[in-house]
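First chain A sits with chain B, and in the next complex the same chain sits with chain C.
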Partner chain A sequence: MKARAELIAGGVVVAILAAGPYLSPLIHVDLSIVSEVLVTALAVMSVNLLLGYTGLPAFGNAAYFGLGAYGAALSAKYLHVDFIGAVIIGTASALLGGLILAPFLLRRRGIYFGLLSIAFGQVFYFVAYRFTDVTGGEDGMNFPRPLVLGHYAINETVFFYVALAAFVGCLIAFRTVVRSPFGRTLVAIRQNEARVRYLGLNTDRFIFVALLISATLAGLGGALFGLLINFAYPLELDWHQSGFFVLMMILGGAGTVWGSLVGSFIYVIGKDIISTQTSYWQLYLGGLFVACVLAFPRGILGTLLARLKARPAAADSEPHG
Partner chain B sequence: MTHDLAPQLFNGLVLGAFYGIVAIGLSLIMNLTGTINMAHGSFMTLAGYLAYTMVQRGMSFWVALIVAPLIVVIVGVLVERGLVRPLYKREPFYSLLMTFGLSLMAEEAFRLIWGPNGVPFSPPPALAGAAALGFMSFPTFRIFIAGVLIVAIVALALFLTRTRFGLRLRAAVQDTEMIAALGTNTQVLYAVNFGLGILLAGIAGVLAAGMLGLSPTSGNALLMPAFVTVIIGGMGSLFGSIVGGLLIGMAISLTTLFIPAASEVAMYILMAIVLLVRPRGLFGEEGIFG
Partner chain C sequence: MDSAMMLEARGVSKFFGGVKAVDDVSIGVREGSIHAVIGPNGAGKTTFFNTLSGFYFPDSGRVTYRGSEITRMANWKRIVLGMGRTFQTPSVFAELTVRENVMLGVRARAGVAFRLRPPAGEGREALEHRVDELLGFVNLGRSKERLVAELSHGGQRLCEIAMSLSTEPSLVLLDEPMAGLAETETDRIITVIRDLRQRLGLTVLFVEHNMRVVLSLAERITVLDRGKVLAEGTPSEIAANEIVRDAYLGKEALDHV
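Let's turn to the complex of A and B:
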């Protein structure tokens, strides 16, 4: 019953999204912005897996996102690979980054994990920032969007459907993962890692796999983002960007499958609208952080779902489901 | 190149002392409440700008050096009481997000009030110029900075180890519930502890403004090295933060001299090496945050 409701709701959302090329002009939003919502949602999902489900403060996922973007950009520019190749190389670069960082991050939990994520993520920022000859340094690097198989050009509409397909595919995969025994174990680790260990499970191994999945997801999002804007720049890798991903995750709802889309939608569209109205976008963004943390700690979808859950069991005295 | 070595090393030490003192402030706040204060750099910048404005209005640098950090402490304690305190009972990343949001707002506010570009903030005439140290000459202001930072660190160490309040603070880091049960008002501890961390940030902020420049993002530039300092020195260790800071300062200044392109990455490499050898950092205490 519940699964069916989710299927219907999800179907409706995807159907509305699929009509994006026709709907976006109605709200005066560029179609490429809607594509940005979708690819950003992948990065938010990657944070959600670590922070929302596993309870690890993933404040360094911009590193994987940026590695994806730079992987795609560099391979398109210097290796002249096609579109698919750029996506694969971008995603693989992020996975490789995850493989390099995981042994360090795995050692600690809690805020120490957050601190390590921020610090190690910053390495990639400085590498991109400093290797001006290759990466264009602070100015970033332009590159033409490669053709698919060297033949077929990808215009904004086609790109949008590519992004939508990637999003839906990843969402289904994400949902499958978090509902699998593996995903349940991640949630158990968030709730009480010591107990999971006493049950005989090697929690480090679970977190290792979660980190790699997260890096791959963020990398795919980053690669598509790079190909969307045909540009890669160091701030994509910066810890500020990591913080924005975490904000989007909280905004949507930590530990909810669809929350990533909700958070990314509000953030990206909101940024697009507000930054054309005022040059003090950062002031509003900071305010959004403060307001969200104080008033909406469970996020929009998280609050809604908790309401829905609470209604049939109103007599139940448990305060937070 | 070797004749540059001695001044460059001394530079590294002064820079490292900055990282150390910022890291100690971060560490104090982190150890007691689990809050990673992302707004720490903003408090430094604020202190710098306040001192700048005071000097502009004709006040002496010495007054500004004392008053600006104190004003920032008041702002800091208000922020802690009003915005951070409600989050203590939640997971720690909420307070990280909160302070991150505050730092974004602060940066924009600095830009609005003091302009988007850096402003010149030079040390007073008494500290201008260079002093001869026998084998090399070195800017007087940097020697002064080193002196102030050393005094501040010693004073803090004495406060934490020699006063009853400091004793309670350290006990609260070990077991907050127990110290509360024994009749200490932990809310006062939290507020004073936060203020103490901000005081260090404020002093460092004014001095850094004179040495490293003052712009809306200048304080944040010190935040990341301070994080790395905490990790290298080990959480929960004041001594570790000092050693870590000096190590990073030296590493940065030496790589700036020999391989300039790698100057920022150097500290991360140092951090990776330390973590491989000692996962808790050089002087990290067992059991603090896993």
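Let's turn to the complex of A and C:
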């Protein structure tokens, strides 16, 4: 019964999103901003899997996001791959980055995991910043959006539907993962890792796979983000960017499937609307965050779901929506 | 090596900085026995326990399980081999229900914890049946759908025992199973521990403070004091031991024997 309610609610959300090209002019938001919401949500999901579900402070996920963007940008500019190729190479770059970092990150827990994540992310940031000849350094690099199969141009409307398809596909995959026995074990690791090990499970193996899924998700988001703005710049890799992803996750609801979209929507749309009104937009956005966190201590969706569950009629054994 | 030995430690030591928490301790736990480790506060009981269960490794000495060395084996592998343990403060997943807690272990044992799809049909029924069986054993069936956080301390302890049984161990290590329990709850746990051996045929090693519990359950007792073995023997031998009496046992406690 609950699964059906979620299916209906999810269907409604996706239907509203699909009408984005018609709805976004009504709120004076460019369609590309709604695309940005969707690709950013992928990066927020990647943080959510590690931090919201597994309890690992993923403070460096911008590294995978930036690897995705630079992977797409560099392959489009220098290898002249098509749109699909750029997405694949960008995502694969992030996965490769995850494969290299995971063995080191696995050895740390808690705040040390967070600090190590930041440190590794900054390494990528400085490479992009300093390797001026290839990456354009501080100025970033722009590149024309590649055609699909070298023929079909992707305009903003088509790009929006590409982003929507990627988002829906990843959301379904994400939901499948967190609801599976594997995902339940990740939640158990967050709550009490020692006990999970004393159930005879090698928690490192679970965390390793979670790290790779997370890197891939962030990489896909980054690759699409790079292709959306036809630009890659070092700040995408920076720890500030990682911080924004964490912020969006908290805003939406840590450990909830749809929270990543809620957080990304409020941050990206809020930033767009407020920044066109005032140059002090960061002040107002900061105020909005404080208000949200005070009103919704478990994130917007997390708090609403908890309130729903508090009603006896909605009693069920799944602790996370 | 004696084949009837379930778990053996030889000359195990563990230091923390300059402090010798466990100093050259040897112990042999016979298959099918209930063995207790006792000693005053700070005697190194829990530290010793942690070296046996691989929570951390000893600085010197050897630990063997059924004759094979496990001194530096990862703790999760020891569980796969057939060891189970509980902690002094019940180590449970407080935000999950009792059923979900036990299910985690049942899934781990069935080798399906890593899967993306939960088993369906008969496979699922077999897992649910196993959960019911374990909860029945610790008499927690009625609390199945309650959150563990809502249970009493004793209930959480029983849930933890059910979890440690879910991996189908041959040997269970219980770290102060009565810590923080009311007298009535203590009796429930005593019955369960007795059943571990009588009904399930398990070997039990436990650390305990409560002398009434130790003397009514244990067949063999190892006394630790300041990190060293002070004495080892049957309850009556330990009760009669002058050194143990002088070192820490109250006379009243021994009058029960």
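Please note the rule applied: the second predicted complex is superposed on the first by the 296 of 321 C-alpha atoms of A that agree within 3 Å, B and C clash if a C-alpha of one lies under 4 Å from a C-alpha of the other, contacts with A are read in each partner's own complex, and residues count from 1 in each chain.
Note that a residue touches a chain if its C-beta (ideal position, glycine included) is under 8 Å from a C-beta of that chain, and two chains touch if they have at least 3 such contacts.
Here the structure is a predicted model, which means the values were calculated and not measured.
S.K.: Looking at the overlay, what does A:P297 touch: chain B (first), chain C (second), both, or neither?
M.R.: In the superposed model, A:P297 contacts chain B only, not chain C.
S.K.: Which partner chains sit in contact with A:G286 here, chain B, chain C, both or neither? Use first/second/both/neither.
M.R.: In the superposition, A:G286 touches chain B alone.
S.K.: Which partner does A:N142 contact after superposing on A: first (chain B), second (chain C), both, neither?
M.R.: Neither chain B nor chain C is touched by A:N142.
S.K.: If you stack the two complexes on chain A, which partner ends up touching A:L116: first (chain B), second (chain C), both, or neither?
M.R.: Touch status of A:L116: first partner only.
S.K.: In the overlay, answer first, second, both or neither for which of chain B and chain C A:T276 touches.
M.R.: So A:T276 meets neither chain B nor chain C here.
S.K.: What is the contact status of A:T157 with respect to chain B (first) and chain C (second): first, second, both, or neither?
M.R.: neither
S.K.: In the overlaid three-chain picture, which partner chain does A:F182 touch, first (chain B) or second (chain C), both, or neither?
M.R.: second
S.K.: I want to verify the contact counts: of chain B and chain C, which reaches more residues of chain A?
M.R.: B
S.K.: In their shared complex, at which residues does chain C touch chain A?
M.R.: Within the complex, chain C contacts chain A at residues 53, 55, 74-77, 79-80, 84-85, 87, 91-97, 99-100, 104-105, 107-109, 112-118, 145, 163-164, 166-167.
S.K.: Across the complex, what residues on chain A touch chain C?
M.R.: 176-177, 180-182, 184-185, 187-188, 191-192, 194-203, 205-206, 317, 319
S.K.: Which residues of chain A touch chain B in the complex?
M.R.: 51, 55, 57, 59, 104, 107-116, 118-120, 122-123, 126-127, 129-131, 239-240, 243, 246-247, 250, 280, 282-283, 285-290, 292-294, 297
S.K.: Can you list the chain B residues touching chain A in their complex?
M.R.: Chain B reaches chain A through residues 30, 34, 36, 38, 83, 86-87, 90-98, 100-109, 112, 224, 227-228, 230-231, 235, 261-262, 264-265, 268, 271-272, 275-276, 279, 289-290.
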